[in-house]
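Two complexes come next, and they have one chain in common, chain A, joined by chain B in the first and chain C in the second.
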Partner chain A sequence: MSKRPTNVDTVSDAIANDKEQPWKELGLKQDEYQEIKTILGRRPTSSELAMYSVMWSEHCSYKSSKIYLRQFGEKVTPEMKKDLMVGMGENAGVVDIGEGLAVTFKVESHNHPSYIEPFQGAATGVGGIVRDILTMGARPIAVMDQLRFGAPSDPDTARVVHGVTSGISFYGNCLGLPNIGGETVFDKVYQGNPLVNALAVGVMKHEDLKLAKASNPGDLVILFGARTGGDGIGGVSVLASETFDSTGPTRRPAVQVGDPFAEKVLIECCLELFYAGVVAGIQDLGGAGISCATSELASNGGKGMKVQLQNVLLRDDSLTPEEILMSESQERMMAIVPTKDLKAFEAIVTKWEVEYSVLGEVIDEDRLYINWGEQEIVNVPPRTVAHDGPVYHRPVEYPKYQDALNANSSSSLPRATTPAELAKQIMAIVVSPNQADKSWITAQYDRYVMGNTALSMPDDAGMIRVSEETGLGITLATDANGKYCQLDPYHGAQLALAEAYRNVAVTGAKPKAVTNCLNFGSPENPGVMWQFKQATAGLADACLELGIPVTGGNVSFYNQTGDVAIYPTPVVGVLGVIDNVARRIPSGWQDEGNNIYLLGTTKDELDGSAWAETIHQHLGGKPPVVELAAEKKLADLIHGAAIQGMIEAAHDISEGGLAIAVVEAALRFNVGARIWLDEVLERDDLDLTAALFSESQARVIVSVGREDDVKFQSLCEARGVPVLRIGVTDKASGSIEIKELATFELNEVREGWAKTLPELFG
Partner chain B sequence: MPKIIVEIMPKQDLLDPPGKAVANALKRSGHNDIVNVRIGKRIELHFDRPITQADLDNAGRVAASFLSNDVIEDVVAITKED
Partner chain C sequence: MKIGVITYPGTLDDRDAQRAIRLAGGTPVPLWHADGDIKKVDAVVLPGGFSYGDYLRCGAIAAQAPATQEVVRLAAQGLPVLGICNGFQILVESRLLPGGLIRNEHQHFICRDQRIRVENTNTAWTNLFEQDEEITIPLKNAEGGYIASAETLKMLEAENRVVFRYLDINPNGSMNDIAGLTNERGNVVGLMPHPEHATEAGFGPDTDIATRSGVDGLKFFQSVLKALVNA
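After this line comes the complex of A and B, so read on.
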């Protein structure tokens, strides 16, 4: 028996009577509600109100960030755009990688849902970003995750860590997508607001590119995939636009439950639809569900749409039209299909046992009409819902605490005076949760499924072979450093880019394009807006200098608990291309007797470092100086040397400094080394603490066969990259000997390094 | 043995992937009259003495806070069996 609601608010009701509406409860502001009335020339129906409220929420409309995001499209040169097939504004950017292939990649946040229900929140985060990639016409080939959790000692952290990591592994492993990297950081600022940023990457032939638009009147609007249910209703607006308070979510569940097997079928079904050429436009359903898909498809195509909402296949037929419009049920897609192709479409979806229903058609009119049976419940210009939302110029103010924070440099912190004390500090940092072995997390993920993974954790970046014939591959690295950004958001964002760029470069790949996920506190706080303004400007300027374009991204605001915002955490993902993955460079030493070189110079830069945090629980001062010109030279050098097969291993120096880089390079394949630092101390005028722990930029350690010593050093010289031989690999010793400091047995180091996370969470 | 039985179901509004999978499988094997399946869990708490009202009340609290995840699940029944 049907429980279908009949008493709905229609357009004629809205014309006839102006009643009180719950715009405030739906997260709209007074002036926004007025604006909707002005657009429509009447009050909105409750369905229209639902659509506008969710589409004009911060999460969907980017209303506070829009004016700053523009510069990613403006600060570019024609050279940067050369290989960019699709730039900002689509579901994901698309980059030409040669051989007729293109890659699409994007990172998106699922922070708030992952705090409320860590397992499903993280799982559906993966599902959502994978559908974004699929929507571009690409086959998803890998995922990655950027995670930020609260203090390891806090009892709630384990709940979030367990839920998030098992949610990611569950969804990704069931889909059969390798998880090739990411980053996990613990810090008390993320206690009530963990960050779960999921990245997906896909590959396609140039001609398979699909866009989310409905441009041909008469084409059919088809919803297919999972049925629509009551999950995550208002999830986007309620979860993403309001800061948590103690009361938490009520009414309909604010979370969604994912079904990775349904998604896997949907992926294969969509790819077959694409190859058959029966789809003129396609859009995934994520936040804002049908509201978003219908209005965006119509708006992107510059056309309109007529939709019968009662044709939506439901799990629960008591859902109201407003709820159907806002439902965030997972694993759904909306396709625009020419009438002549309907038969072929039906044949393919039936083969995959995917349910579908024709909702309506594209019309040659700038209007989105949605009917509920005979009753008209929506009649709006689609652009006003999808793209012409409010744009805010929020107040920006330099935070009062900033000067004091920057003045509180780490230079006054006591430094170790004896070799024994330094050795102890090295071990303390090695075993600290942020530097310790992350295998407890990454081992839960399938890193090699599909058989194309060339590099994955714990290497500096993930690498996937794209062409089995030629070996063409892509490299991806994502990085962020909230502490640096707290000290200086402009340069902090640049440092995240520099690190991701360097991590791509050390694999032998050429950095090519950028995506980002900007995690910040409340935009209503002028101090947070200042951080956002600085970070976006820094990132755009640095992309311009490095010559790699931003292809897309995501903004996540309201990451705060009460008045306390997280550190600004812009996550930056860099995509690189490598001609042949057989020429990849691993991060760890392998052979006996190879020379180890330190590339780049070291300054005394310990503010915001792992050393300051772990040894002194200190955060203050200024982050390391950004060295983009040097990063570029370094990347070119490694790329050049990789083509000649000269470099055996290369590892980026970042958090924890040279000491951590040396330990990681040794632990990777259990190959020890003898290291001497006297020449570094002399050349760069440093003490041992700075030499070991400084986080100066544009530095890499590489190992090179002895026979190539002269050749390599001259190459560095020719390319203007400072180089110093700081050691040799020593396989037999099973230890790292740092001259005049200490000898570390690899077995002991590994034991401490590997047990931190299992002891905390295992 | 006296026991308290706690029954937990996924929230009505949420997707239940195992239930959906089983429903599809039943349909494929010809059970056309079964239109939907939802799968929850049954938990038995055993006692070696008679169960009191206090035990039931306590079981209710444990069921809501520990045995179920109230974000996505509902405790639908708490019963005792002597």
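After this line comes the complex of A and C, so read on.
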């Protein structure tokens, strides 16, 4: 027997009588509710109220960030837009990479759900971003994760680490997408607000590009994939609009539950539908479910839609229309299908045993009508739901603590005076959770599936071959340094971009486009808005200077508990292109007797460094100086040298400085080296602490065969990149010898480096 | 030679297995789980993945698929069959190979470049290896712990049916360090590691010579081509 609700709030009810409505509980502000009434000329029905509230939430409408995000589209040159097939505003940006192929990539946050229910939160984060990529018409080809957890010593951290890692492992592995890299950072500032960002990348032929548009009246609106259930109802508006506090009710039911098998089948089914050419428009169902998909498809196409909500296939037939509209059940897609193609559509979904139902049709009218049986429950202009949401100009204020924080430089911290002490500090940083081996996490992810992974963790970036015929490939790296951003959000965001750019460059690829995931505290806090304003301006300016466009991104606000916000954490992803992955450069040394060069110059820059954090538990001062012109020269040099096959290995210098870069390059393939620093000390006027641990930008260590010494050094000189030979690889020694400092046995270093995470989380 | 690769809903490494067959010089033929006609192929690979989401026991539902049933029938007549990871689980669930595969001892999914020893070179899929050759093949699974009764283990050891054994570490708690098995006749082989991921230089496991240059898995597919030519 059907438990289908019959007593629903209809449009005629709304016209006939005004009444008190729970707009506040749904996260709307008084003036927003009034605005809805003005748009409709009456009170909204409860279904309309549900739709507006969820679509006008911070998560869906970007109402606090919109005015700042515009500059990513404005601070661009025609040259930067040349290869951009789809820019910001779509489900994901699309970049032409040549040979008739295009790549789409995006990173998105799933922070709040991952704190409440780490396993499902992280799993559905992967699922959601993969559907965004699929929606563009692309085959998803890889994923990456950017994770930030609380202090390793906190008793709650293990719960989140285990849940998040297993969730990503469970979902991503079952989808058959290689996980090719990411970040793991521990800091107590993320204790109650872990950051779980997920990136996906997909590839398509130019002609397969799909847009989320319903533009032809008469086309059918079809919902397919998993059935709609009661999970994740209000997840978007409730989870994204409220800050956690200890007194609130448990919100567990608001987190969605993922089924990766259903998604895998859905991916293959969708790709077959795309290739068959039977889909005119497509949209995935993520946040705000059917509310979002119907209004966005109609609004994007400049048309309207007529929908029968009782045609939605349900897991629980007692769901109310409002719940069906807001449900965030996973693994669902909405397709716009011309009537003539319905038969072909049915044949393909039936082959994949995917359920579907026709909900309605596209109409030539600027109206979204949704009926519940005979009763009309929604009658709205789609654009007002999907795109004309509120825009806020939130108050911005320079934080009171900022000057004191910047004045508290690391220059007053004591430095080691003996070689033994320095050696001890190197090891302390090597085994610290943020620099230690991450394979306890990454070994839980499949990096092999699809057989196209040319680089993955622990290399500086992930690289995937996209053409088996020509070897054409893409590289992806993501970075963020919350500490730098706390010290200076404008330059901190630029440093994140610079590092990701450099990480792409060291693989031999050419950086091409940018995505971002901007994780911040509450926008209602003027200090946080100042950070946001600075970070977005910094990022947009730096993209302009490097000449690579932002193709899309995501904003996550309200990452704060009580008054305490996370460090501003803009995660920046850079996509690079390499014309043949056979020319990729690994991050570690492999051959005997190669020369090791330090490219770039070192300043005494230890504020916000791993050294200041690990050795002195200190954060203060100013982050390293951004060197975009030098980054560009460096990237061009490596690209040029890679084409000539000169560089055997290249590794970026970032957190932990030269010391950590050397250790990582040695551990990668267990090949040691002899290193000397006297010339660096002299040329750059440094002490040993700065030479080893400074986090100066635009620096890379490369190894080059002996026979290419002169050729390589002249190439560096010609390109204006400072170069200094600082060592030679030594395979037989099994150790890193830093002249006049210490010798580190690789086995011992590896043991300490490898056991940190298993001991913490085993 | 035509080598079929079955795709079940949730299969992941089917394209990889097809590529490996191509690289070895064979002709891959895609097969669909729901189709009992396996197109007169000369051998079959059951690839890795999560068939039907592995929601019952891994491989249990796939073992009932029409294509699998046909493979079981033809295996009895000598059709060479290789089950990789989920494919190994399907072979065990189909009773083509004895024992069972359970959750890894440490409870986590594990992906690593695994050294294994080839202990039986008389099968259709290992005849090109040297006896006791040590090879590196990527391993990636959550349910790879091999279990069997004491009698079964004794029988497998006595009959030299343990084809592959883990070296260095036992990554999943498998009894007797068993990584792979064969049937009595030597035409059916199942293993947890993924030979198809070590067939193309540049995309395989790391070696001492160069990054990702390991191609030890290629001999699996070359072996079966040789076995078919000699048959």
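Note that the second predicted complex is superposed on the first by the 756 of 762 C-alpha atoms of A that agree within 3 Å, B and C clash if a C-alpha of one lies under 4 Å from a C-alpha of the other, contacts with A are read in each partner's own complex, and residues count from 1 in each chain.
Throughout what follows, contacts are C-beta pairs under 8 Å (C-beta built on N, C-alpha and C of every residue); 3 or more make two chains touch, one makes a residue touch a chain.
Treat the numbers as computed from the prediction; the structure is a model and nothing was measured.
By the touch criterion defined above, A:Val449 reaches chain C but does not reach chain B. Looking at the shared chain after the overlay, A:Ser169 reaches chain C, while chain B stays out of its contact range. Counting the residues of chain A touched by each of chain B and chain C gives the higher count for C. By the touch criterion defined above, A:Asp316 reaches chain B but does not reach chain C. Applying the stated contact rule after C-alpha superposition, one finds that A:Asp259 touches each of chain B and chain C.
Of the two partner chains, chain B is the only one touched by A:Gln120; chain C is not. In the superposed model, A:Asp231 lies in contact with chain B only, and not with chain C.
Legend: residue contacts after superposition of the two complexes on their common chain; A:Gly521 is shown touching neither chain B nor chain C.
Legend: residue contacts after superposition of the two complexes on their common chain; A:Gln330 is shown touching chain B, with no touch to chain C.
Shared contact residues on chain A (touching chain B in one structure, chain C in the other): 259, 261-262, 353. Against chain A, in their complex, chain C makes its touches with residues 9-10, 12-13, 15-16, 19, 48-50, 52-55, 108-112, 138, 140, 142, 194, 196-197, 200, 202-203, 206, 208-212.
Only residues 166, 169-170, 173-176, 259-262, 264-265, 352-353, 442-455, 465, 468, 581-582, 586, 588, 590, 669 of chain A touch chain C when the two sit together in their complex. Considering their complex, residues 10-17, 20-21, 24, 69, 71-72 of chain B touch chain A. Looking at the complex, you find that chain A touches chain B at residues 116-117, 120, 226, 229-231, 233, 249, 252-253, 255-259, 261-262, 315-316, 329-330, 353.
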